[in-house]
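In what follows, structures are represented as structure tokens.
Each of the next two complexes has chain A plus one more chain, namely chain B in the first and chain C in the second.
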Partner chain A sequence: MKRRDFLKFIGAGGIGTGLGILFGQAIKPPGSKLIPYLIPPEDVIPGLANWYASLCTQCSAGCGVLVKVMDGRAKKVEGNPLHPVSNGKLCVRGQSGVQTLYNPDRITGPMKRKGARGSNSFEPISWDEAIREVSGKLKELSSKGEAEKLYLLSSSLGGHLGMLADDFMAGFGSSNSIKYDLFDNRNLRYANKSTMGLDAIPHYDIENTQYLLSFGADFASTWLSPVALSRGYGEMRQGGHSARGKFVQVEPRLSLTAANADDWVPAKPGTEAILALAIAREIVESGHYKGSDVSAWKSLLAPFGRTYAAGVTDVDKGKIRTIAKEFMNARPSLAIGGESISGYSNGVSGLVAINILNHVAGNLGIEGGVQPNSSDLFAGRRADRVGPGIDALIKAANGSGIGLLLHYNNNPAFTTPGSAHAVEAIKNVPYIASFSSFMDETTALADIILPSHTSFEDWGDDFTDPAPGFQVATLMQPVVSPVFKTRSLGDTIIGLGKGVGGAAAAKMPEGTYAEHLKDSWSGLYTRNKAMNASELTFERFWRDTLAKGGWWKESKPKMSKLKVSARSAARHISKEPAKFEGDNSQYPLYLIPYAQAGHLDGRGANVPWLQELPDPITSVVWGSWVEINPKTASRLGVKMGDMVEIESPYGKILSPVFVYEGIRPDTVAVPIGQGHKLYGRYAENRGANPLEVLPPTVDSRTGAYALNSTRVRIVKTGRPGDLVKMDVSTDELGRNIVQTVPPGGAPHKDTSHH
Partner chain B sequence: MSGILTRLKDKLASYRVPGYRTKFDYKWTMVVDLDRCNGCEACVVACYAENNLPVVGKRDCDISRRFSWIRIERYVEGTYPDVKVKFIPIMCQHCDAAPCEIGCPVYATYHNQDGLNVQVYNRCVGTFTCATYCTYDVRRFNWFTYKWDAPLEQQLNPDVTVREMGVMEKCTFCIQRIRVAKDTAKDEGRKVQEGDMKTACEQSCPTDAITFGDLNDPHSKVSKLAKSPRRYRLLEELDTDPSVIYLKRVMEDRKGSGHGTSHG
Partner chain C sequence: MKNPIIIIVTLFIFVVALGVGFLISDQYLGRAPEQPINFSHKIHAGTNEIPCMYCHSYAERAKVSGVPNVQRCMGCHKIIKTDSPEIQKVAAYWERKEPIPWIKVHNLPDHVVFPHKRHIKAGRECQECHGPVETMDVVKRLAPLKMGWCLKCHGKYDVENGRECWTCHT
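Our next item is the complex of A and B:
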């Protein structure tokens, strides 16, 4: 800097200061930016960390977390050790919450569409303009008498945010709230509701079981509540309280969870339900089942004989018998099912079969078995999570049934089968307002974007589902100030409600969403004896609850009597295996698209840590792959890393080959999560999305898309692929790196642990 | 003066003699239970977050420049349908007879008296010798000064140095957390106790497979676990005397695999 420039600079500073004095508050003197730490915020000591309790929203499990905050910045997320779901632990996605918060590809403020729809060309506007415009459009819709044509499309909004959204919709006069996530356990909820009458997902007590029989549930990476269930798994194996539990996994592809099983049973895709029922039949026939309705079960299960099942499922008769014997003799035992088994065209039937298995073996309502969760806290106001599915929205959009679409936090343009044509359908909607924090394929279709905070900047709560056998309400509090010009979704909804006026405005609370949340909790506190028993004032209770991360009262789960009646089950089971599209001679291989640990339904793909995290089974980073059995690969003449086309009757994708012993020779598997066209610099144009080749098959009972419902063929391209895997060799070459000891061969359970 | 010299001499003599570690305050040790580990890699992300590990991108991953200080190795045995996949988390083993320490020409890597194999970034001149000598392939080299796309850098942990080009690095057993625990203990006039600190990987592990602590404390969890009949150390035949103890996975031998892999 030249001396003259320096003097100019000083001069300008002087003028600035003078004006500041002239205009008083209008221009703050530069000093106000320099001295904040002279009187520091109450609890900030530079260099020392504060840990705030909050809620993880990377999936729907609802883990309580602690966020390490130093000098106003979030540094690390760890599980909240007091929280009964996370127990102080956290999975790969949960820990990546900080990279969601500080993601360079977040939407930084409200924007309005500039170019053609879907061209991803937006211009910034102010929040006031944005609220004014959207409420104007809403008013227009309601003045036309088409309030019913307002649709809200969101992920399952837990807690009071969901209730606020429902209030808004009801006040406006629309009942069209569509909750959609690719893995929202729609089939599981339905199966449990229709056979056991359960509203909430029960607690599957893996920790205390002696024999775990899992049909496709990949709980080590993605199923239900991976952290809580993985903790249970560790305890089942080496916890100090009982003998080491045995674990058998049934699925066509050896997943991360199956890799930990004592036995992997690769039943033929689509026949797992029949296998489960054949096991149930063995149990009933053996006389193990003592219920008064034993004859009803005998006749219901009669068609599922061992010989028939063995022929269909490709699991030999002896094996079926052994599993049945071990399953009924190990007390307690537990069968769980999810992901691959619930992803067939008859997904519900498979899950009903598992409930039957638990019923006849006597695993319902016992420790180490299936334990019901209550949902009393909500006084009947729990947001109904098994409402109409995304297929209903697509139908409405195609039939011009949607006048205005509000969209938040899911991405159906990426997470529905290509053949469902969700993008084309959504493009029919005259006006779309999105509250997304990230520019994904669905958000790009919006006319206006009012970006929401991410979880570490926002208030919120969640009533954990599945709960650990007792009710858990977790609070979410802002731990850092907003990084960008985003808003709390609750505040946006309140703003829109008030902007619209009328009944919607009347239903909106006074003040901010944060105040509304506190008021709602005050209501919870007054209503629930369990909460106010300690006779604290509400203020004190609120402060303690925020500090602790939520409210729960640990108790032994109620072992209430659960049962499955043969009559309710009969409606859902059938002797027919699941259906697959594609003629066997044209398309010889079953396709299993599966949830990948880091990316879930694709929402983890914009996080650099998760892109560079090797897949637990294949060790592949930054891309996708197709798993092929070596026998199949050699028949097709492809080898590790070759680029191939995966072609179904509905389309084709390109992926490099990963040759894997852990998959059936008649099956190929592709992870979900990559193949984004939009979603920020880390995710875009990387790998392939297997959903693009799926048929639009749904289980008609729930509207859930069947992921495993097509056959494919593999076509050589002759080109090398872009496979990058971190493992050099998966052979120990005799070096005895992972040493093992057979069960029973040596003392195999440590009593010293815990 | 001669008194000090004698004492120093005694101290040096006690150091590096078998069993020396019992004479010092701490012997940090990690126990990894392979029967609990389910290979979920939560520890890997925890390490990235705690230790400011850079993301290098696909191209650099392809030429083995990925930075993970802890990794999960997987081994596949057998053929379909009789397949077993086994996992093992591998981090710096903090060997008491560390091959890496012998090679370093500038003493950038040395053994401290708590049994830690430590790396002094300021001393390191990047000869790569330690990484070449390392038995466990756990050392990572900064080929570049890596950048974080703004505002991702706001997440960086101020308790841990951000390394620059030309420096070798590896797992430190979260020495910054040990440091805090020791300082706190010192302020309170006591030794570090069980439960005062956890390493980042241990803290995150959903199945409780990783346990860290002081082997000199007979009541610590690691001391108890280290006596397990399932105990072994990685490539123990090389006499590197690692500070990481693994507990064997309990697993049926594969059908028809005559030898199995069990040496238990």
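Our next item is the complex of A and C:
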């Protein structure tokens, strides 16, 4: 090696090392900064979680929740263990509340319509402009003397928010407040009110019953208060207070709840009421019923003989007798009626039949039976009566009876039958202001949107209905700062009330909705002896109640005398099965649209966690399906995953086939929830909405649309469907995974001692 | 300079040296980045003997020790040394309602967890890792913050499960 080369190497090494060091120093720090708080929020320690008690609003059950908040972000939702409804448990929809809060498709601020109505083209405006514009339109309506033409269309607004909205409407001079949700238990409230005189939904004490006879109540997924009822069910079956209770489910398709039952009775769709009355007749005839009006019941139930019922319902005579015997001999027993029985054209009749069944078996007002709930909502007002339904709103809109529509948090454009033409009707309304947080099919029709907070950003409360036999008031508190430029609906209403002036302004509270809520609770505290006995001052009571998540006093429910009179029941029952549209020869199959645990009435479809959650029965993700019995499928020549048309006299939808043993051969079932045209990136243009093919049949007593009201036919398309399911086979393929014990107990095989 | 072998070898040595220099820089040379405000730990923690955890208040309660919030700075500096240009910078941030964008001096990769709380509870002094900060006008990282360095200390104090992977890599 030459000396020159050696020096070159030394030079290269030296310069290289030097540059390396310089480079290393230059790229440090790797872009990281330490950004401190300007003013630290109270109780926040970086990296440590706080759990705040609040209220779940994913359905109307009113579960108390705990939200884990770390560094100002909501991370996880769990049931509040102190809360008597959720008892530390929570369903999938509640658990996914954080994806509602942080949903990328939320409406981020007030907007005004730019393009044609329904074209989903909006431009942002300021909150001041928005409030000014809507108050201006309200004033215009009022000055024309058409205050009564103001309609408020919303989901059931719980607690003091509902009262504030009522005050606003009353102050403005309108009585047209329409509460609507697809599963708002309108028929159940009506049936209980008209036969038992109950304003509030009673507590169905599954926990303490010995024999549960459910007519299509899918309480493991969606019915009434699924978390509380599922927990009660667990206690009934293996709680160990007493013998394991028996459970029989009557419904045309095997739901998640039916899959847990000892016995599944797939009665013919539309005849469940007749089955219930036939059971009631057996009980009365057996002499079990000892009431003084026994002769009235005997004559009322006379037409529902075992032979007649067996012929109509497709349930064996012997079976009817066995159920009747078990139902009256098991003490206490309990009959409940859910979506499938209340969803017929005569939904009220079915629920009345169930009340009759509970009455004659002696299950009313006892532990393990039906227990009344107080209808006094702490504040001296009474629980929601059944007001006018969505059908009334559609009628008014078509008759130009609505001058201005305020809309919040429900989606009738998606959750009413296509043939009811809700969209066309709502389009007739001259001016629509929506307070919804998401751009769904109904909100898109609005002229102006004043988006509300989601529940984790807002103040509120709820007086649980159905309560667990005693009064429960749950508080909702903001657990994170608002993510977007949204507002508390309470504050929006107060702002509009003040903007309108006059009587509406006079009825609005001073200050913010949060202050109003606290003031209202101060009033409750003063009036309610049980509340103010336990705490010395309101401030202490308020602080402790916020920390705990609400107020309740667990006590044995007061058992008042509940009864059903034969006279009140007689008006509602009939020997005729429910009506189905479509001629039997053209449309041979009954259609049962049903609520899924994750999507309920379709509101869960914009949450990716709920989309990717396999349906507990079919394991299908991210889409729709139609359940068809294997016999029917082979007759039609379709197999698992084939795309088919489901056609009724009112329209058709496309869906892939799911071949399912748990459904009657003369019935097909489609889950509700998919088939959104709008509602964010995860929901749009996915699957099909079975409500599109339903007739506009309502139960005339309540205005509730009947879900199970049409026959359909299945038409092959010859194309493969887009079915994605998580399991490969429902067969155990000879692996003996599911070991069964035949009726009559286990065979005595092994008697040797170890 | 015409021999291609010599050129290749020279380039090779250059590249290797570049890497060596970078490693030296990364591993052994402390770093003292310029901060948005010329804050002196020597004045605060040294001369005035303010306890570390008066400002880094989360250290005994959480994983991170926390940088003081701007309100905490202004708590004293509304009155103290308001004529200093550096304090006026702090006041300007406060006026603008803007947090001060401090530059990280001690940084750990995401795959390792260092809980300040446990080390403080175990009785370690801040200076054992951070060096004599109370003598520094500009904070300089002295410890390499590498795994071997961590384990040396865990060995020295005979930390329970101190050599388990999951103790730090959780």
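Heads up, the rule we're going with is that the second predicted complex is superposed on the first by the 687 of 754 C-alpha atoms of A that agree within 3 Å, B and C clash if a C-alpha of one lies under 4 Å from a C-alpha of the other, contacts with A are read in each partner's own complex, and residues count from 1 in each chain.
Methods note: a residue touches a chain if its C-beta (ideal position, glycine included) is under 8 Å from a C-beta of that chain, and two chains touch if they have at least 3 such contacts.
Just so it is clear, the structure is predicted and the values come from calculations on it, not from any experiment.
Novice: Identify the partner contact of A:S156: answer first if only chain B is touched, second if only chain C is, both if each is, neither if none is.
Specialist: Neither partner.
Novice: Using the touch definition from the top, say if A:P614 reaches chain B (first), chain C (second), both or neither.
Specialist: first
Novice: Is A:G47 in contact with chain B, with chain C, with both, or with neither (first, second, both, neither)?
Specialist: Both partners, chain B and chain C.
Novice: Just checking: does A:V98 make contact with chain B only, chain C only, both, or neither of them? Give me first, second, both or neither.
Specialist: first
Novice: Which partner chains sit in contact with A:T442 here, chain B, chain C, both or neither? Use first/second/both/neither.
Specialist: It touches nothing on chain B or chain C.
Novice: Going by the touch definition up top, name the partner, chain B or chain C, that contacts more of chain A.
Specialist: Result: the larger residue contact count on chain A belongs to B.
Novice: Just to be sure I follow: which residues of chain A are touched by chain B in one complex and then by chain C in the other one?
Specialist: The overlap between the chain B and chain C interfaces on chain A comprises residues 47.
Novice: Residues of chain A touching chain B in their complex?
Specialist: Residues of chain A touching chain B: 47, 70-71, 73-79, 88-92, 95-96, 98-99, 101-104, 220-221, 226-227, 230-231, 233-235, 237-238, 244, 254, 256-257, 259-260, 262-264, 266, 483, 597, 608-614, 616-617, 619, 621-623, 629-631, 660-665, 681, 722, 724, 726-727, 730-732, 735-743, 745-750, 752-753.
Novice: Quick check on the complex: what are the chain A residues that touch chain C?
Specialist: 5, 8-9, 12-25, 28-30, 32-40, 45-48
Novice: Which stretch or stretches of chain B touch chain A in the complex?
Specialist: 33-36, 38-42, 44-46, 48-50, 55-58, 61-62, 64, 66, 71-76, 78-81, 83-88, 149-158, 200, 203-209, 221, 224-225, 227-230, 232, 234-235, 246-253, 260-264
Novice: Please give the residue numbers of chain C that touch chain A in the complex, ascending.
Specialist: 3, 6, 9-11, 13-26, 29, 31, 33, 58, 61-64, 66-71, 94, 97-105, 107
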